[in-house]
Each structure stands twice: as C-alpha cells, then as structure tokens.
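Paired with subunit B in one complex and with subunit C in the other, subunit A is shared by the two complexes that follow.
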Partner chain A sequence: MAAKTRRYSARDVTVLVIGLGVAIVVNVGLIWGPTLASVGLSATGWNGIGPIEWVGARNYHDLAAEYPPFWSAVRNNLLWLAFLGLVATPFGLFCAVLLDRRLRLSRVYQSALYMPVVLSLAVVGFIAQLVYSHDYGVLNAVTGLGVDWLGDSSINIWVVMVAAGWRHVGYVMIIYLAGLKAVDPALKEAAAIDGAGERQTFFRVVFPTLRPVNVIVLVITVIEALRAFDIVYAINKGRNGLELLSVLVTENIVGEASRIGFGSAIAVILLVISLGFIVTYLSQLFKEER
Partner chain B sequence: MTPSRRPVRPLRMLLHAFLALVALGWVLPLALAVYASLRPYEETARLGYFSLPEHLTLDYYGQAWSQAELPHYYLNTLIIVVPGLLITLLLASFTAFAIARLRIPGRKALLIVFTAGNLLPPQVLITPLYTLYTLVPLPAWLSDSQSLYDSYLGLILIHVAFQFGFCVFVMANYMRTIPEEITEAALVDGASVWKRYWRLTLPLCRPVLAALSTLQFTWMYNDFLWALVLMSSGDKLPVTSALNNLRGQFFTDYNLLAAGSMLVALPTLVVFQLLHKQFVAGLTLGSTKG
Partner chain C sequence: MDRRPPISRRNLLLGAAAFGVPAALAGCGSSDTPSGGTSSGGLGTVTIGSNASDEIPKKSLETQVKAFTQGTIKINTVDHNTFQENINRYLRGTPDDVFTWFAGYRMQFFAQQGLATDISDVWREIGGDYTQAFKDQSTGTDGKQYFVPSTYYPWAVFYRKSLWEEKGYEPPATLDEFTALARRMKADGIVPIAFADKDGWPAMGTFDILNMRTNGYDFHISLMGGKESWTDPRVKQVFDTWRGLMEYHQPAALGRTWQEAGQSLAQKKTGMYVLGMFVAQQFPEADRGDLDFFTFPEINPAYGTDSIDAPIDGYMISAKAKNVDGAKALLKLLAQASSQNIATELDPGTLAASSKADTSDYSALQKRGAELVSKATHIAQFLDRDTRPDFASTVMIPSLQSFVSEPAEIDSLLVSIEKQKANIFR
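And now, the complex of A and B:
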C-alpha cells in the first residue's frame, strides 16, 4: 500500500505533464476549441476577412426563413436517420442473429456483408453511379425502367440512402455479432427448456441482455446519419435533392462565398443534435462503470 | 441428437439460401465495378453495363495508374497516414495508461471529454478549424504553403486529434483488464512512470494495438472530408481525392473511373482480407467493454 501512495519522482511528473499536456492541447486546440468557436462565430456575420461584426441570432433567422436548402437538408438528414435506424440497423441485427449459430460458410457470408465497411464512401458514391446511372446504369437495364435515379430530385435521396445502408448494415452486423457471442448460452438453453420458441427466446431473453450494444448501435446510427457527407458529395456535391446539413456547412467554406458566420450557425444546429445523443450515451456508459 | 435434427433441415436450407442471396447482393455492386473496369467504353456505351462482354482488357488499370498519377497520390496518403497512425497510437496509449493505471485527478472527466470529442460530426468544428489553419504560420521547410492550411502536417494533426478519443477509450478499457499485480511488482521495484508504460504495459497491449492500427489505417486512408477542406493544392491531395482527376471537364469515361476506384479501394480491401480478425476486433473492442 505504501508503494501505491508513493509520490511520483520529478522525472515521472515531467513525463506525465508532457504526455497528457500534448494530448490535452491537441484535443482542446483542434476539437473542442473550434467547436466552441463555431458557437461564437454563429452569432457573427464574418466572411473570413475583415472585422468580425456581431449579428446576434440573425444567421439562425435567415437560415430558417430565407435559405430553402436548409429545410431540405433537415428533411434529408431526418430521412437518412430514419432509414438507417428503421431499415438498415434492424436488417444488420437480423443478419447477425442468423449468422450467430454454427453454420457452414458463415465466415464467407460475414465477409461479404462487411466488405463495404472498408470501402471509402467516395468509392461507394462512385459505385452508386454505375448502378443508378440514367443511360447505362444496371438498375435501369435490369428493370427496363428509364428512371433518372440520381438526377430526379424527388427520388435520388432514397437510392443514395440504399447505398449508404449497404455500408451501414455490415457495420451494425459486426457489432451485434460480437454482442451476441457474449450472451451466456445457458440463458438460451434455459429458455428453450421452458418451451420458448426461437423468436420468443430472442425477443424476451437475448435482446434485453443486448442493451449496452443497442445503445452503442443507436449512437453509431445517429452519428453516421449526422456525419453523412462523402457519398452525396461524390455523387453531385450534395445539390439537387441531395442536400445535407454537413454539405451546407462545407459549402460555406469551400464554395466561392465564404460565409463563416452563416456556416457556423448550421454547424451549431448539428452540434446541438449530436451533443444530445452523445451526452445520453456517455452518461449511461460511465454510470454503468461506477 | 439425430432424430431432433432431421426436421430442421429444410429450414437450414432456407437459411443458407437467404444468406447466400444477401451475400451475393452485397458483393454484386463491387463486382459490377470490377466488371465495368475491364470493358472498353464504346462497348458499354453501346450495350450498357448489364450485358455480356465482347472484349475484356486491363488497359484501364494502366491508364488510371498513369493518367491519375496514382503512385504520386498513394505516396501522399502514406505521408499523411503513417505518421498520423503512429502519433495517434503513441499519444492515445500513453493517455490511456495514465487514465487507467495512475491515480490522476480528473481522469474520468478527461476520458469523457476525449471520447465525446471523437463522436462529434466533423462539420461541427470544421469552419473555425479551417480559419485557424489559415492563420497558423509554418516555416517554409515544413510546408510550402507557409501555413497549417494546405500542409501535410495539418492533415496529420487533425487525424490525430480526431481519432485520438476513440483510441484512448478502447485502450483504457483494455488496460483495465490487465491484472494490476504486474505493474504493482514494478512499483515496489521503483520503476518510473515511463518504464511502467513503455516496458510493462505496452507490450501487453499488442492485440489492441494491432486491432486499432488496422482500423485507423482504414479510416485515415478513406478520409475525404478533411483533405477536401484543409488542402488546396491538387498535387498534395490523398489518393481518395485523386479520383476526380479522372473526370473530364465535359466527358467522363466511367470505365476508367471504375478502374481508378478499384485501385483506390485495393489497399483497404487487402488489409481487410489479411487482417480480418484485427479489423473486427478493433470495431468490437470499442463497443463491448473490455
């Protein structure tokens, strides 16, 4: 015990201060500092050069009232979240449940399902073009339709979400598969002895024990939905029906018009939504740990 | 055993049929891209992508390799990813060690702040980050743009900062599972903090380091957004962004682009095939607590 409460030597303290100091400086300087700066800048009309002028909540007002892409982006982000959460995630769980048994070729199926996870979303966006292209895309060739899947602004978000879901399913499946492996087999046996069917066993016995995994998957799903960017940017730079909040933020920096204040206001809206989920997740995570 | 197994057989067949179908559906888009990359443009323009081949050729790979100057961009990616990976793992493992193993005041708060930082959507902080990068001067020998903006160092730093939180979280969880006795014996011997970290803890973390390297390599390699916003010189972009060089101003040969995409996706696919186990471990270590 005496050893544990021993004071650190001067050299130990130096090593700790440098190591943790660098970590904190990098994290605060490049992540939290800019995040707080977003909040501050969102109340200004700054254009990147010249004096910073305070405009209060005007950016938010303009955003809601005079910037049509904003509402289509909100709608698309919500759709994206709903699609990942209600279609892709349950499907990933379903595949994990099917694969979580002694099955020949299980490894092959698994590999196929999570191969898209390692692909860059820019490449996924490109593959989507091959499939959905109006003139020579495979989808039109197979179905005999002549739909402009990516060009028609009323449907393109749906087919792009399918491409994003393609990747999301594998991701969710890996995590659930690991969670299912950790479930005590005795639980399932006991349920089977009590005469529960497979479906009942899953919903009444297995699924409740997966709660921590469910929380993680929920957070991943929400974060992925808010982060969605590369795939629409690779397809058409996020215009014409494919607007997303993340694209609008980026547009205000890389686009011709550098509207730092206005872009920050959109970023703050993203921040508020994501922080809600992050805080819920972390408080749960660290509560359990205690 | 045998009598109860018989009646299940047809169900099992159905299960295999379903999984095989899903797996096939999942591989199909990628297979399509490979197929398109092997066929001449005039042929697919005439027959569509969903047709039997008349000619198969590897020419597009050579063309993409030289026309998009892929070797140059692979090198750019390496210049960014290798230091990024090493610094992230070094910094994160030391921080995780301090948090998990030493009784540092506020260690829990640190862990929460770091983990939360990793969950933020990048767009939340990208606008001020961009401004910050343009304002930080660098000597010419370090960056020919003479600022953090448009420099390799800038991209390395943001990768480190952004991925750091996840790595700390995973490694702190892992280190908690290592029996305390090992370092306690060293404490009695009077080993320094650095020695306990570098000599005693880190060697035991090999599995988690392997898993995180695999995962982080894939993520950093696949990055698209940071380079898009924080780089301006075309010749310094990482390989994922180089694909745009294959798009013509008026005409894009999609088969050429398909070949380019496959070349860009190849390293991550190879890593995934070779280090399959580590990749999955990296994803699941973060989700199931150590």
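And now, the complex of A and C:
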C-alpha cells in the first residue's frame, strides 16, 4: 500500500489541493468557523459593542437555573419533535397509503393535502391566528367555545403544533406517495398469493421496501422540528408558552437586547441536541455500509 | 434633417458607449448630490436613518425636512421594529448622520457606549424651547445632551364619553373609587378594563403606572436602573394591587393584541383602557371626539398623581456621522415648534415636545393630553425605554406575561426576576 501512495503526479497534487482546498476553506469558513465562534462566545459576556469578557460556564448556569423560558423551550422543541415524528409523520404515511389505492377523487384529496406545503410556516402562523383567535377566530365562532387557544400557555403549543402538523402531513404524504408508486406491484401480488392480508402485506412487504424513503422522511422530520421558528414567531414572537430554542437565540442575539454570549450558549445547546440526532443517524448509516 | 446620415446599429451602440454611459452614470450619481434644495448653505447632504415606516409618521418627517434649505436631505426609512432591533449593528456599522430614537435610558445607553455625538452646543440654542423635564430626558449620564425631542404621547385611562354619560360613570380619583367603578361596570355587563398583552409590552404600561402611583417616580426609575431589589415588599405591593384588579381586566389577554382591545373599547364592549394616546388610531374618525381619558387614580397619597408615562420620540446624531455640521443644523430645524406642529397636525395621537408649539390647532384630545403632561411633576419614558433593552425584552416581557396568566404566583415570579436582573445588571 505504501508504495502506491507515491503515484500522485505534480498535476494530481495541484488538482487535489485546489479541489480539496476550496471545499475545506468553504467548510471551515462557513460551518466550522461560525460553530466554534459560537462555542467560544458562549463562554463570554458581550453586548456586541463593548469589550468581550470571559465568564466561563456562567451563561450555562444562568440559563439552566435562572432563565425560565429556557426549559419551556427545550420541552417545546422535544414536544415538537415527538408530535411531528409520532403523529404527523405516521398520519402522512396513512394518507399516502389511502391515496395509493386509487380512490375516487384521489387527485382532489392529494391536492388538498398537499396545498399547505406550498405555504411558508409564517403564513401558516397567520392562518392559525385567524382560526384560533379568542375574539374573532373561526374555531371559537363555530363551536361557541370561549377558549383562549393562543394566549393560554398550557394549550397554545398543542394547537400550534396541529397547525404545523397540517403542513407537515402533506409534505410527508407526497414523499411516501412517490415511494409507494415505485414499489413493484409484483411484490404485493406475490404476498397476496401467499395468503397475506392487507395489513401483513403492508407491514411485512411494502413498508420494508420503503426503507430509503423512511430515512429521508425521518431526516426531514428531525430538521423541521429543530428549525421550527417562523410559525411561533408569527403568532406571538415565541413567548408565553410558545418558546423554542431557535426563538430564544434570535431574541437574545438579534434583537435590541444583544446578549450575544448568553444567546450563543442557547445556540450551543441547540447544536448539541442536533448533534445527538446527526451522530445517531450517521453511525446507523455507516454501520450499514460496512 | 433629411441630410442626416442613417444611423447604423453599430454606430448607435458606439454612441451610447461614448456619451450614454457616462451620462447614465452621472444620472445615477446625481440622486445623491444636492438636487432638490439649494446648496447655498453649503452644508451638503445630510442623511437620516428613520424608523418612521408607518404612513403618517413617514409623511410627517418628509414634510418637516422640506424646510431645510442649507443642504439636501436623504431619508432612509426602515421598518419600525427592524430599525429598533438592529440599532446596535446599525450604529456600529455605517449609520446615517441623524437617526430617529427615544429619550431617557434608551438614549443614555447608546450615548454611554460612545455611539452618539454630543449636541450640547445645539441645546444652548434650542434649550429655551423645552421644559426642564424634556432637557433631563435628553441628557446623558455624563451631563451632556445627545437627543432632540420631537413629539411624545401620554399614557392614561381612556374611555368613551357617550357610554359613561349613558351609564352615569364618573372618572375615579382614588384606587377605591376605581375598583368600585369597575365593580359597577361588571354588574352592568361591561368588561371594566380592556387588556391585551400578546405583544408583551402593553402590560408594562399598567405595571409602570401602578408602581409610580404606589412607590413614586424615584423608586420606579431606580428599580428600572437595576438599583432596587425586585423582591422588595414595595414591588410585591404593586403586584398585589394589580392582582386585586385582575378580575376586572378583560380575560384571555395573552391572545389579544392592543388593537383588538382598542376596538373592544370603541365598540363599547369594554369600559376603559390603560394605554397610550395612540389608542385613538383604533377609533373610526367619527368617533374620535367621543374618546376621553383620565389619569390613573391615586393609590398612595404621598405621590398622588404626580407621575405619568409619556414616551418622547426624537432625533440623535450618530458618532460616525459624516456631516456633523449639517446634522446639527437639521436638528435645530426639527427642534422648532413649526416642525413639530406639522407632526401633531398629521398624527392626532402625538403632542409637540417644544413648549413654543402652537396648541390652538390641537384636537380636544391633544389639548387634554398636553394639559395632563403639564400637570405631571415627573415624566417616565415607559418600561422598555427606562431600563436596559435586554432586561426589558428577555426578562420583563416573559415575566409580566407569566404574571398575567398566573396572577397568584407573585413571590416565585419576583425571585426569578431578581435573579435574572442580577445576571444582566452586573
């Protein structure tokens, strides 16, 4: 093996340096640089103007022990992930399976379910306000209830997740639908001939062949859950029960507040949570390749 | 004409290259160079960074600067909230010469960071047009002036005269009378106090006035400055009083915007509303004459009704201003009563800061507002302008919202505010 490494010509080396070099510069400059800067800043107290003061782990202590929105944000992010993963995604799969059976008007259902996907989540946030508003919302008007859907911090996260799920279902459905169309009908036929029921055919034969699609959907679901921001920001700036880590980062860093060190600490927490999922996913992926 | 040689496409392009392009470039450049006003004053172009993104304030500023003859004005308007949120980066980057901002602590904070230009010399000329209260609000912690007040608006308790006459309600003078009135309204099937805090800041107005009535202006400002403890019994007293009034507040406040609450007042569904004079915007033109107010009633006789919130808007010069002379000349113009009268005429929710302003054209509401402010010994700027911006936005907004949703949990809330305050004011 060692002898073979000498085979690179000068030209090869140049190409390698340029090819790899550009990628490394971009990678370091746009990904690793900012990431490490965030980690570094999270150990400082800085208002964006004055001198940068080193404070060690103080920001982490402050946010975990004395910043009430932090824990509700962590809880809401995890709830968001659980809701999209356990409710919205399976429901999207369910819709896709139903639509794949060529029902009458399936095109209409398909369009209706897919429609919300073309809306940005911020727009979904505005629509949610028209539905849930206490004083003029459709929901209270139709049902005659007087519930403060968006203002009551014990229920608002749930109704907002339903609104976010409304969009997510369509997204997941269309991906699964494409996957289902690609499943070889011969497989289903064979299963039927072997005497498998509908349920068995789906779980034992069709679902396993959807594996690549499942991976994509899983990744999309995790990304959607962690980057959720616009919908709660549109509704009430992500306060009062709708806190999310992404909102707290923005609130502390971007706003007039300029608690850059403190906001970076929250960003690092979000990074750690994301890394947990990314590492699990990648290690699964590499394990298979071997 | 018929002797003119035909112009080929190629020649046309060459011609364009020879004359057209420089001309076009000159054309681009000329929008930045003096074009409108005469440059006889020789002060060149003054740029203004403006947060007046709403139609009326925008028009108001444009009209005011038309009178500037010593140079040309270029206004860069940015969305109001965006401007506010980016102020740090804006002032450190390449700010305009003059920028719109707020008086009090909010101004001092940036002056202290060295991001504003000292305009004490401008104040030596315009000082006579302002009362001491306005001068104090324009003065930095170093005793120099950094701000020129333009307009302001008071906070009070607003109501509809017609509804009150019909039901026979009278403006209360004390907290007991206020509570009794609220009880009566409730019995009459009206929600006594309109309330909304979805945006997080309107509840600050209620807190401010309760604190100033209970503990006085000096304690309030000192509390805002981070010098008092939030677990102090005096602060607890404020929240206790507020909790006692909570049953008369419009429920579900955290899901409602101030605009919706303002409309409920206009529709006579609610009896009164603690808000700034801008609540008038939610009233149809025809009903504005029916809108009246009284100052929040006395709680502690030691302080009576001597303080109110009346946030002042105005102008500052950035530390990095390129045209300081032009900017100072512009501030002198904006400080003039005639400029401020343009604003008060266009926007009935504001009052002119200059004492020389002509109040004869004021609407009835504006006249009452000016009278209210002139009677106040102390003028506060509103919670988010009287304290550090990070404390107001990341601590007070969530804390007041949590109080509104669970008014009984006062002690734990105050402990939490105090801990977070200590983290920010260190």
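Assume the second predicted complex is superposed on the first by the 243 of 290 C-alpha atoms of A that agree within 3 Å, B and C clash if a C-alpha of one lies under 4 Å from a C-alpha of the other, contacts with A are read in each partner's own complex, and residues count from 1 in each chain.
The rule we apply is simple: a residue touches a chain if its C-beta (ideal position, glycine included) is under 8 Å from a C-beta of that chain, and two chains touch if they have at least 3 such contacts.
If you're wondering where the values come from, they're calculated on a predicted model, not measured in any experiment.
Q: Should A:134 be classified as contacting the first partner (subunit B), the second (subunit C), both, or neither?
A: second
Q: According to the stated criteria, A:205 is in contact with first (subunit B), second (subunit C), both, or neither; which is it?
A: In the superposed model, A:205 contacts neither subunit B nor subunit C.
Q: Of the two partner chains, subunit B (first) and subunit C (second), which one does A:151 touch, if any: first, second, both, or neither?
A: A:151 contacts subunit C only, not subunit B.
Q: Determine, under the contact definition given at the top, whether A:20 touches first (subunit B), second (subunit C), both, or neither.
A: first
Q: Using the touch criterion from the header, give the chain among subunit B and subunit C with more contacted residues in subunit A.
A: Larger number of subunit A residues touched: B.
Q: Have a look at where A:254 lands relative to subunit B and subunit C in the superposition and call it first, second, both or neither.
A: It touches subunit B and subunit C both.
Q: Between subunit B and subunit C, whom does A:108 touch in the aligned arrangement: first, second, both, or neither?
A: So A:108 only meets subunit B here.
Q: Would you sort A:50 into first (subunit B), second (subunit C), both or neither based on which partner it touches?
A: Second partner only, subunit C.
Q: For A:242, is the partner it touches subunit B (first), subunit C (second), both, or none of the two (neither)?
A: neither
Q: Report, in rising order, the residues of subunit A that make contact with subunit B in one complex and with subunit C in the other.
A: Looking at subunit A, the two contact sets intersect at 48, 133, 136, 252, 254.
Q: Across the complex, what residues on subunit A touch subunit B?
A: Per the touch definition, subunit A meets subunit B at residues 3-4, 6, 8-9, 11-12, 15-16, 19-20, 22-24, 26-27, 29-35, 37-38, 41, 48, 95, 98-99, 103-105, 108-109, 111-116, 118-123, 126-131, 133, 136-138, 141-142, 166, 169-171, 174-175, 178-179, 182, 212-213, 216-217, 219, 223, 226-227, 229-230, 233-234, 245-246, 249-250, 252-254, 260, 263-264, 266-268, 270-271, 274, 278-279, 281-282, 286, 289.
Q: Within the complex, which stretch of subunit A touches subunit C?
A: Contact set of subunit A toward subunit C: 47-50, 62, 65-69, 132-136, 146, 148-153, 156, 236-237, 239-240, 243, 251-252, 254-259.
Q: Please name which positions on subunit B make contact with subunit A in the complex.
A: Contacts found on subunit B: 15-16, 18-20, 22-24, 26-27, 29-30, 32-33, 36, 44-45, 48-51, 91-92, 94-95, 98, 102-104, 108, 110-117, 119-132, 157-158, 160-162, 164-165, 168, 184, 187-188, 192-194, 218, 221-222, 224-225, 228-229, 240-241, 243, 254, 257-258, 261, 264-265, 268-269, 271-272, 276, 279-280, 283-284, 286-289.
Q: For subunit C, which residues count as touching subunit A in their complex?
A: Contact set of subunit C toward subunit A: 84-89, 92, 113, 115, 198-200, 251-256, 260, 264, 389-390, 393-394, 397-398, 401-402, 405, 416, 419-420, 423-424.
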